[in-house]
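Here's a structure for you.
Residue numbering begins at 1 within each chain, and the chains themselves are lettered A, B and C in the order written.
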Amino acid sequence: MESKISNSIAISFYLLLIINFSIVESSNKIHAHRPCKTLSFYFHDILYNGENAKNATSAIVGAPAWGNLTKLAGQNNFGDLIVFDDPITLDNNIHSNPVGRAQGFYIYDKKEIFTSWLGFSFVFNSTQHKGNINFAGADPIMNKTRDISVIGGTGDFFMTRGIATIMTDSFEGEVYFRLRVDIKLYECW
Amino acid sequence: MESKISNSIAISFYLLLIINFSIVESSNKIHAHRPCKTLSFYFHDILYNGENAKNATSAIVGAPAWGNLTKLAGQNNFGDLIVFDDPITLDNNIHSNPVGRAQGFYIYDKKEIFTSWLGFSFVFNSTQHKGNINFAGADPIMNKTRDISVIGGTGDFFMTRGIATIMTDSFEGEVYFRLRVDIKLYECW
Amino acid sequence: MESKISNSIAISFYLLLIINFSIVESSNKIHAHRPCKTLSFYFHDILYNGENAKNATSAIVGAPAWGNLTKLAGQNNFGDLIVFDDPITLDNNIHSNPVGRAQGFYIYDKKEIFTSWLGFSFVFNSTQHKGNINFAGADPIMNKTRDISVIGGTGDFFMTRGIATIMTDSFEGEVYFRLRVDIKLYECW
């Protein structure tokens, strides 16, 4: 009987190994869709228009032949490249204490409607967060929510990846907008 | 005898735990080089030259001191920054029904030869694909094939990573080019 | 007794399955913080200033309304977009044999201090390295060291991810700087 039991154990062992290896082989394909970390912020963009040098947090630095550097171009701003250094706040009040800076660029990239492409970082250096979160992706501005990629991070956000859902929380003419960003990290190290 | 069996079970249990953990620890280093998904598309770029406003899908929005915004610069276009919103098709016919848009920018970045750096997204919103694929990387244009990185995705392409192989399928003067993009995704969620 | 043993085996089987799945479910959360590969390089940037066309490896191609294309703008160069094709060397001597090229762009993005945002690739095509490493992230230039993300790679660096630590090794006025880059890859395929 002992051998019978040994056999049972051997078989269970063998089966478990198979299960293990099949799981591991595909481990980079089966992922939980539950975030390992979530964060929400607002950031505030005041575009330079030739008259607001003191308050402006962003500026047009590239424009198509039909545009210029103090006014967004015709055809839904197509081709305008904007560099920004925007304050990040925890609520939607631009006067709240900034917890970091959103730094990088966006490009308006469609003639028929407002859309843009973003490359930027959230830069944190407070007691609560130290380190950067890096973002890239297409932003179809007219959609209520839109997703871009978290492509990496440093410091507290070492090697992270995820999705950031962007919502336009306020839009005031050509000078001010406020975005809400809900960050869901799915890879945390 | 019972205790003997218990021991055997305990040992097998223990061994399996060791195996498990050793596998898990290295799970981010052992990856299959077989794609979990492959996709092929063409996209079509018509550069604005001052006279083709109606058909143009891209425009120069930055140029070096020796360049301008309606003609690619000398020295192999070095420094020209182009923003684009190009139709994506399943075959090489620009008149085929577009299945999405390629949106973003490229910069010519070498004086001696044509090379560029790309940051863009494939934006899909059809019955077949919903969501974006985000790309970044160097494109040594004169090579027959060249690889850039898939750095993330959203929707159907949630959190994906991979490689996109780019081929110049057609090149007509300074106004039109068509790229074939073979996407191989190695991380699918 | 046999049934008792079977039960024991069944239970151990069951427990191991639970353990397995709980490990696998979180396998993308437990990562070793030890690099799978480290590399160190220098790269050298000579900015075009209107008079050094022959030696320049980079050029301003976008600038804010208050700037121009042959001189970095006031307010800590805010808004200046630079395209570069810089030689990579193994030591800090610009005359050493280049082992590759650093190609891409950076944008100065803060008025109060020097900071920038980088999107670029290391392009290798030597006997030692073939393939590209792609980078993105915020570079707070005045910090002694700063980390950006390795967002992907091709060839020898297929699908890699990691962190690059940047140090300013030399800075000579507005024309020349040299960066040391210590690359630590944490995902190697």
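FYI, a contact is a pair of C-beta atoms (placed from the backbone, for glycine too) under 8 Å apart; a residue touches a chain by one contact, two chains touch by 3 or more.
What you are looking at is a predicted structure, and each value in this text was computed from that prediction instead of being measured.
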Contact graph of the chains (line, ring, star, complete, other): complete
Cα rotation angle, subunit A onto subunit B, in degrees to the nearest 5, is 120
Chain centres from averaged Cα atoms put subunit A and subunit C apart, in whole Å, by 18
Where subunit C touches two or more other chains simultaneously, the residues are 5, 9, 12, 16, 20, 24, 27-28, 31, 61-62, 81, 119, 136, 151, 186-187
Note: in the complex, subunit C contacts subunit B through residues 1, 4-5, 8-9, 12, 15-16, 19-20, 23-24, 27-28, 30-32, 36, 48, 50, 59-62, 68-70, 81, 83-85, 101, 103-105, 119-121, 123, 131-132, 134, 136, 151-155, 158-159, 186-189
So, in the complex, the side of subunit C touching subunit A is made of residues 2, 5-6, 9, 12-13, 16-17, 20-21, 24-29, 31, 33, 61-65, 67, 78-81, 107-111, 115, 117, 119, 136-138, 140, 147-151, 161-163, 186-187
